[in-house]
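Paired with subunit B in one complex and with subunit C in the other, subunit A is shared by the two complexes that follow.
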Partner chain A sequence: MTNTAQTIDLSLYAAVTEAVQAEARKVLEAGIVAAVVGWQAGRRKGTALPAIVTDPAKAKELIFSPACVNNLALYLTKAKKEIRAKGKIAIVAKGCDLKALVGLMGENQLKREDIHIIGVVCPGVQGANADRAQPLSETTIAGKCRECTVHTPEGADVTVGTLPQLPHFTPAESEELARLEAMTPAERWGFWKEHFSRCIRCYACRQVCPFCYCEQCLCDRNRPQAVESTPRPAGNMAWHIVRAMHLAGRCAGCAECERACPMDIPLNLLNRKMAKELKELYGFEAGFEVKEKGPLAQYREDDDQSFIK
Partner chain B sequence: MHQTKTHAFEPKIVAFVCTWCTYAGADLAGTSRLQYPANTRVVKFPCTGRIDPVFILRAFQKGADGVLVSGCHPGDCHYMAGNFHARRRFAAFRALLDFIGVDLQRLQFSWVSAAEGGKWVEVATELTERVRQMGPMREFKELESEEQWSGVIDTPELKEAYNAI
Partner chain C sequence: MQKTITEPNLRLLIDTLVSEGKRVIGPKAAGTMTLYEPLSQGEELNLGELPRRSAKEAFFPLCETILTYERDKEGVRVTDVDPQAIPETVLVAARPCDVAAAPVLDSVFSWDFKDEFFLERRRKTTIIGLACARADDACFCTAVGLSPGDTKGSDLFLAPLTDGGYRCDAITEKGEALLAAHADLFSDAATAEPLPLAEPTLGKLDLEKIRQWLDTHFEDPLWEEIAARCAGCGACAFLCPACHCFDIVDEGGEEKGARRKSWDACGFGKFTNHASGHNPRDVQPSRYRNRIMHKFKYYVDKFDQRLCTGCGRCVRACPVGIDIATVLEEINSK
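On to the complex of A and B.
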């Protein structure tokens, strides 16, 4: 039975906010870190935006609320070199963000000793199109949070908050995935064609993804040009296939691509599908444990080859 | 009088092959005078590990009806492990293509060694005949010919904004 009236108790967020502020002040004052990457309140009520705090006096500006949707791991990748240049950085991370950090460590983009992770227990964040004034419930929570398995991050330097009893939400994304898998290939093609045809190729999905840190993207190259860069249907299809393929076995499932997409393309469905396939094929799953190599960067001699003649 | 000409469909097959095994195998098929359909366009690569999934995509976009990827048998790779890595990559890519809605019957992977001229003929013939039965690959070509941004603007917010202008 689904009950949309079920809401998540907001008292945890206030407690976590205090703990994050205290921890940020502590590490900044002690000189353990040069900066803290966290969230601060946005100008409109019920919003938040990423913030980089270097002054202990400003640690009190940090917050944690259901509006803290951004995956801050992005701020530690090659794409934002100036932040890493400051020195050791503390970062506030939800479970899904921590998985992204762990993935980056596995790819030698980050060193564990160079960052101080403030893990936050997270019951869920708001969806991209949710009404900010509404309480966090089945209708306003982000799709990824409805079936989150990493509410409590593990392996952070300090983890704040205790997880309250959470209402049970129906796993919308898994259900959608199952629905698509049950379709015929032609129906699936129709489904994706319709979604991808809306793509305006703003590359927001790429910009917001912590794993898209290549200095030059294959899709920006025009000599030779592998993927068309104008938003024509053929190029859009190719771009999204390339994106999903490059994230296969790496994606941490933070669903930032889907949140940032202005055209509401269900990109996380693709990521979720690839994660599922790689788990079935090679037993790999993104988690809190740093793995030296992802599933597509290694092999076993007895891998399945039933599809090869 | 006016006579309608009917074209028999001839499938275009693009074969991405590794230079050390399958290319030599296909060469052997030629020097052994083995007959197989002339539909296969062979593209030679140093190793199957070099074959990016985007090449397969590109082949389909540019008019291939079927794609064959072929390399050395496991353990025989000239670069030790190129084909092992390729095997995982293609397993994942197949799953992705299937999820997007591409019929995987048009995509064939195989291991053909330099001594297997006969197997090359068998694989190439089988794929060609299968694709001939299936008819042309329309999906990617249709996308390619769609020039316009074809998104349908039907969200209530956009409609409201439009009406407010």
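On to the complex of A and C.
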């Protein structure tokens, strides 16, 4: 296989950019929405950042590129009340991000009729520490995109782009998860202990997560303190376990927590493991169908109870 | 005083300092990144990459215990941590953007309250700065009035030479003393030329103009425009060499525990939450405004120094792509 076969054709992103701009301008001009949440280019070459556009004339600033890494569903949560207060919002969503919107609807955080979803076909985005000067390839693409199954979002109001032929990438995350599962519990504990020892409790993982919308996080409680807040082994371990448990069966797999972590903690591995457990125990998976209650938010007679010893 | 040192001798210097019982902190490979960490030998010094976190930890650790308590039959015993126990330290190969922040931090930690932990670490630390030969597109030290060759804050300053060695300039008495104590590892003659300094691409900013704009624009649509996207995490503040907010909490149980000081960030939603429940900075744009105001106005007004050295760490780390250099450029253009 040649090198070119291993890189992604970038022409799609330009076509999607044009279509996103046209759609954003249309819905803003027609007064269908008060704002469009999308991405705009950053100062540094090959970077992008979330954009909240209210003026149709600024729709032309919106872009779609491999730098559009953020899950914008974050901006429709309770944590970002001021944005929702503007009125009906249009949001640009990749497949993985759309799952988060669906999850939020299931949790009564969003009403389908209050948002206008501009789905974008996405071949992949760049990894957190990728060299932006290099093309999107096996070495620069985000881990989650290597084994993405939702390149084309389903159920959006409008979906733009046509998926090009994609190279086959090694599923590095699955392989890493399999490696972890093959470890003894003591080895796994050691693995996570080492990773969590680097945690600085900046809470970037929490703040970028669309499902971390609680107005009072248990981990911020100080009267009394529920989880030690200082970046030391006990509190770090507790924080990450609490987070993994809270996200079990809810996490949409956007891997924003892992991307945002300035200390390179492989948090998506934890999320994937929890998702796998939920699938095995309850046959439940985050997807494109709005479900009223996740398995950990309800009780059923036929629930698996084999883990209760 | 000016001397030169070869790279092997620089590593040997670290070995010697460690054998003298000193704490030596320098860039060290740590998994997928480089961090300023205690070195046990010169071989561990990793000069290739900018450490992910800044060097402020040498004086202002991520977390430190300031007192402990314990209950026994006789009652409760409270023990202060003795700052005198802090070891003599050499911070080696620290970047100019990190080192320049140390004297800036001195102002706030020795102001109305003298933070004895910070100040004792500062007193006991000798800083060996290292000129930067490479910049990336997030670096902007020259835009905020510093440079990749700036010696601000350094006791001894190393400039890489074309032959792989370093020119050493003693900047302070501490630096002179270190040179004198290890004279055998240094030589006099600089036969090679210094490597060209890194060239950050961002143009120079008019910092006084920025301060004046901030003076009169506490309320401005710009804040909403820039910061509605801010996710409210502390990554920028935690990685910043000059951010210095901290929280003090008591942790432990009935029998024993500790009072600890650890990093905090003004971007956190609860940072200004009052006991009454009222939060004067109730939305993210007002928190981000505080970040910029503190760095480029309040600290300048109070201490005549800026809380930004252009290291670019906040730019690299921001999960939502907020670029402080863009923010400054925008204010500068107004």
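In the analysis below, the second predicted complex is superposed on the first by the 302 of 309 C-alpha atoms of A that agree within 3 Å, B and C clash if a C-alpha of one lies under 4 Å from a C-alpha of the other, contacts with A are read in each partner's own complex, and residues count from 1 in each chain.
The working rule: contacts are C-beta pairs under 8 Å (C-beta built on N, C-alpha and C of every residue); 3 or more make two chains touch, one makes a residue touch a chain.
What you see is a predicted model, and the numbers here were worked out from it, not measured in a lab.
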Checklist entry - Following superposition onto subunit A, is the placement of subunit B relative to subunit C best described as a clash or a fit? => result clash
Checklist entry - Looking at the overlay, does A:A238 come into contact with subunit B only (first), subunit C only (second), both, or neither? => result first
Checklist entry - When the two structures are overlaid on chain A, which partner does A:A178 contact: first (subunit B), second (subunit C), both, or neither? => result neither
Checklist entry - Which of the two partners, first being subunit B and second being subunit C, lies in contact with A:M263: first, second, both, or neither? => result both
Item to check | Which of subunit B and subunit C A:A51 touches, first, second, both or neither | outcome: second
Next on the checklist: With both complexes superposed on chain A, which partner does A:A226 reach: first (subunit B), second (subunit C), both or neither?
Outcome noted: first
Item to check | Per-residue contact with subunit A, leading partner among subunit C and subunit B | outcome: B
Checklist entry - Which of the two partners, first being subunit B and second being subunit C, lies in contact with A:R198: first, second, both, or neither? => result both
Next on the checklist: One more residue to check, A:I32. First (subunit B), second (subunit C), both or neither?
Outcome noted: neither
Next on the checklist: Between subunit B and subunit C, whom does A:L281 touch in the aligned arrangement: first, second, both, or neither?
Outcome noted: first
Checklist entry - Between subunit B and subunit C, which residues of subunit A are contacted by each of them? => result 198, 200, 231-232, 263-264
Next on the checklist: Quick check: in the complex, which residue numbers of subunit A touch subunit C?
Outcome noted: 42-45, 47-52, 70, 74-75, 79-80, 82-83, 129, 198, 200-204, 206-208, 220, 222, 225, 228-232, 235, 256, 259-260, 262-264
Checklist entry - Which of the residues in subunit B come into contact with subunit A in the complex? => result 52-54, 57-58, 61, 74-75, 81, 84-85, 87-104, 108-111, 123, 126, 139-140, 143-144, 146-147, 149-152, 155
Next on the checklist: Could you list, by residue number, the parts of subunit C that touch subunit A in their complex?
Outcome noted: 30-33, 52-53, 62-63, 137-138, 228-229, 231-235, 237-239, 247, 249, 251, 260, 262-263, 265, 268, 270, 283-284, 315, 317, 319-323, 325-326, 329
Checklist outcome for this item: In their shared complex, subunit B is touched by residues of subunit A numbered 180-181, 185-194, 197-200, 218, 226-227, 231-234, 237-238, 241-242, 244-245, 248-249, 263-264, 270, 273-274, 277-278, 281-282, 295-301, 303-305, 307-309
